[in-house]
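What follows is a short report on a single structure.
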Amino acid sequence: MAPQSAVSVRNVSKKYNDVEALRDLSLEFPRGQLTSLLGPSGCGKTTLLKIIAGLIPANSGEVEVNGIRVEGPGPDRAFVFQDFALLPWANVMRNVGFGLELRGIAKSEREAIAEKYISNVGLAGFERSFPHELSGGMRQRVGLARALAVDAQVLLLDEPFSAVDEQNRRKFQEDMLTLVQEERKTFIFVTHSIEEAVYVSDQIAVLLPRPSRVSEVIRPTSFRNKDAANIRRDPEYLDIVDRIWASLRNYVE
Amino acid sequence: MTVFGIRLPGMSSLILWALLWEVVGHAGLTFFIPPLSEVFTTLFNVIGTPVFLKALSETGYAFAGGVLAAIVIGIPVGILMGKNRLIDEMLLPWVNIFLSAPLTALVPVLMVLFGFGMTSIIITTGLFAIWIIILNARAGVMQINRSMIEMARSFGATPLEAFFKIYFWAALPEILGGVRIGVIRAVKGVIIGQLLISIVGFGALFELYSSNFLMSHFWAVLIVLFALAFSISEFLAYLERRVAYYAAKR
Amino acid sequence: MPRRSLILKLLSALIVFGAWEIAGRIPVSFAFPTFLESMQSLIVMTVDGTIFQAYAETLKPLVIGITISAFFGIGIGLWTGLSARFDWLFSPVFIVMQAAPLAALIPLLVMAYGIGLTSKVFVVCIMAMPVIVLNTSSAVRNTPASIKEMATSFLASDRDLILKIIIPAASPVIFSGLRLGISAGFIGAILAELKITPTGVGDIISYSRSIADYPSMYAAIFSIIALAVVFLNLLERLETFLFAGNNRGYASD
C-alpha cells in the first residue's frame, strides 16, 4: 500500500483568460518520497507546482499540505527555481540564508545554518563568491541549499537542472537520490526529461496537455533500492522509459 | 490602470491634468497660468498668423537641416567605425566626449564663428543629434553576426552588395533607434539654439510674448511645440517597432 | 593591448588639438584663437583664481538642482513604479517632459521667479528630473519576475520585497538615470547662465566675447566641457565598479 500523503491535490482547475491550463486535476504525493511531474511542454506541470507553492491561486479545487489547506506561500514548502533566481548583488552566504533572513532569524544563527548547507551541496569555500562568478551547476546548488536551509517538509523543484549542462545534470541526479534518502522530505519534481524522471522518482505522474490531466501514475518497484550506477541498466527502468515515450510521442509537435 | 473593470488608455491621465490646469487658471492663483480654455482659444487665433507661421517654418527649416546633416554624416561615420578598428579607436573617445558634453557651452562659439543667424542654429541642432546617431550605427554594425557576413561572402556578394544588402539592413534597428534619440535631442537643440540666438523662429516669438506679458500666447506656442515634439518621437518609436521584430531574432 | 589604445587616444588628441592650432594660426576667423593661446588664458585664469570663483558660482544651481531632482525624481519614480495608479497619473507627464524641449520654459521661469538663483535651480531641475523619474520607474517595473517570485515563496513581506529585492535590483538603472540627469543638468546650468544672467563661467564666456578676448572665451568653454566630461566619466566608472555583476548571475547568461 502507498504511504501516507504529505501533499494532496484535489480537483484543481486553472484558467489563464480563456486558456484552460489545468482541468479537474487530482494527485497524491506520498510523504518522504520523490514524485515527478512529467509531460510535454505546455502541459501545465509548472502551473501545478506553483499552485502547490501558493504562488498562483487555483480557480477551483484545493491543495492540502499535511492536512492544512494552501492559501499562499508557507514555511512548510520551499521552492527551487528553474532559472535559480539568485540575488545577483548578494554572495553565496547571503543567498543561501535569504529564506532564513526573511523569517527574521539572527545573522549569526542563519550563517551557521547556511554554512552547513553550503558544504552539504559541495560549495564549501565559495561562501563569499557572487552568483556571476559561479557556473550554472554551482548556481543551482546555491538555489538548492537555500531551499534546504529553511527546513521545509516539502521541496518543490521546477525543472531545476534544465539550465545546467549534461555532466552536472547527471551528478545532480545522483545527488538527488542521496538527498531523498537522507533528508526524509517530500520532493515534488517537475521535469520534461523522461530518463531523469524515471531515474530519480519513487512515483512518476505523467501529465497530458490541453487541458492538463494526469494520464497515469507509475511507481517503479525493482530498481529503487539499487546502487545509483546500476539503475540505468535495469530492465524495469528501460521498460518504463519506453512506455512513457510511447504514450507521450503523440503529443510532441 | 483599470477603473470599474475598464482599462484606461495610457496617456488618458493627461485629460485629468488638463482639467486641473483649467481649474487653477480660473481660480486665478497666479498670473502665469491662464485657464487652458483661454490658451486654446489663443492657440486657434495665433496658429494661422504670419508671425507664427514664420516662426514655425524657420524652426522647421533649422530642424530639418540639422537633422538631415546629422543623419547623412552620422550613419556612414558610425558604420565605418563599426567596420574599421583603427578609425573606431581614433574617433570613439571624441564621440563619447561630445555625447555627454554640455553642448550649450558651444553655442557662443558658433555665434562668433557663424554669426547670429540660421547657420548657427542648424549647426547647434546637428551637434545635438549627431553623436548618438554615430554611436548607435556603430553598435548596430558591431553586433552583426559574423556568420551572416560570411554567408554573403560565400554566396559571392561583392563588398558593395554586402554593404547595402547586409550591413545596412542588419544594423537598421539600431540605426533607427539612434535616429529617434537623435531627433528628440535635435528638437531640444533647435529650441536651445533659438533661445540663445533669439532673433529667429520660436526664440524670437518667446521673446516677443514674454516682454509683452502675453501669457496665453506663450502657453499656446509651448503646447504646439510640445505636441509636435511628442508626435515626432512617437512616430519614430512606431517606425522602430516595425523593424524590432527582427532585431530580437538575428 | 592597453598600450595601443592609449597611444591611439593620445595620437587622436594630438591630431585634433593640432588641427585647432593650425586653424587658429591661419586664422580661419578673427574669432578663432589657436589652441595654445586658449590654453595660455586657461592657465592665467587658473593662476589668478578667476576660474575657481566662476565655478563656485556655476556649480551652485547645479548642485542644488541635482539634489532636489534626485530626491524627488527617485521618490516619484519609485512611487510610479510600484503603484499602477500613480503610474497612470504621473508617467505621461514625465514622458511628455522627456520628449519636449523644456528649455522653452526658461522665459516663463524668469518672469515668475526673476533672474536669481531660484530660476537657475528650476532650469536644472526641469532638465534633470524627467530622465531620473523615468529610469527609476522603469527599473522598478522591470525587476526580474523570477526573483520576486522567489522572495514571495520564501515568505517575504511587502516591505522585504521593496527593500531587499526591488530597490537593490533597480539601483544600477537608477544610478545611470542619475548620471543622465546630471548630464542634462550641466546643459541646463550653462543654458541658465547664458540665457538668464551671466554669472560664473557663463559670465566669463559672455564678458570675454563682448571685449573680443576670444582666447579667454574658448578657455572657459573648454574647461566647462572638460569638467562635465571628466565628472560624468568618473560617475560611469563608479557605476561599473559598484554594480559589477549586478546585471549578471541569471540563468540566461
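We just call them A, B and C in the order they show up, numbering each chain from 1.
Here is the rule we use: a contact is a pair of C-beta atoms (placed from the backbone, for glycine too) under 8 Å apart; a residue touches a chain by one contact, two chains touch by 3 or more.
These figures come from a predicted structure and were not determined experimentally.
Undergrad: Busiest chain-chain interface by contact pairs, anyone?
TA: B-C
Undergrad: Compare the CA centroid of chain A with every other chain's and tell me the farthest one.
TA: With centres defined by C-alpha atoms, farthest from chain A sits B.
Undergrad: State, to the nearest whole Å, the distance from the C-alpha centre of chain A to the C-alpha centre of chain C.
TA: Roughly 48 Å, centre to centre.
Undergrad: Provide the C-alpha centroid distance between chain A and chain B, rounded to the nearest whole angstrom.
TA: Centre-to-centre distance between chain A and chain B: 52 Å.
Undergrad: What whole-Å value do you get for the distance between chain B and chain C if each is reduced to the mean of its CA atoms?
TA: 18
Undergrad: Two-or-more-chain contact residues of chain C, please, as numbers and ranges.
TA: Chain C, residues with two or more chain partners: not present.
Undergrad: Please give the residue numbers of chain A that touch chain C in the complex, ascending.
TA: Counting only chain A, the residues touching chain C are 53-55, 73-75, 77-79, 81-89, 98-99, 101-103, 130-133, 136, 139, 146, 150, 163.
Undergrad: Can you list the chain C residues touching chain B in their complex?
TA: Touch list, chain C to chain B: 4-5, 8-9, 11-13, 15-16, 29, 31-32, 84-85, 87-90, 92-93, 95-96, 98-108, 110-112, 183, 186-187, 189-191, 194-195, 201, 205-206, 209, 214, 217-218, 221, 224-225, 228-229, 232-233.
Undergrad: Note which residues of chain B are touching chain C in the complex, please.
TA: For chain B paired with chain C, touching residues are 1, 8, 10-14, 16-17, 30, 32, 86, 89-91, 93-94, 97, 100-109, 111-113, 184, 187-188, 190-192, 195-196, 202, 206-207, 209-210, 213, 218, 222, 225-226, 229-230, 232-234.
Undergrad: Which residues of chain C touch chain A once you look at their complex with the stated criterion?
TA: Contacts found on chain C: 144, 146-147, 149-157, 160, 164-165, 168-169, 243, 245-253.
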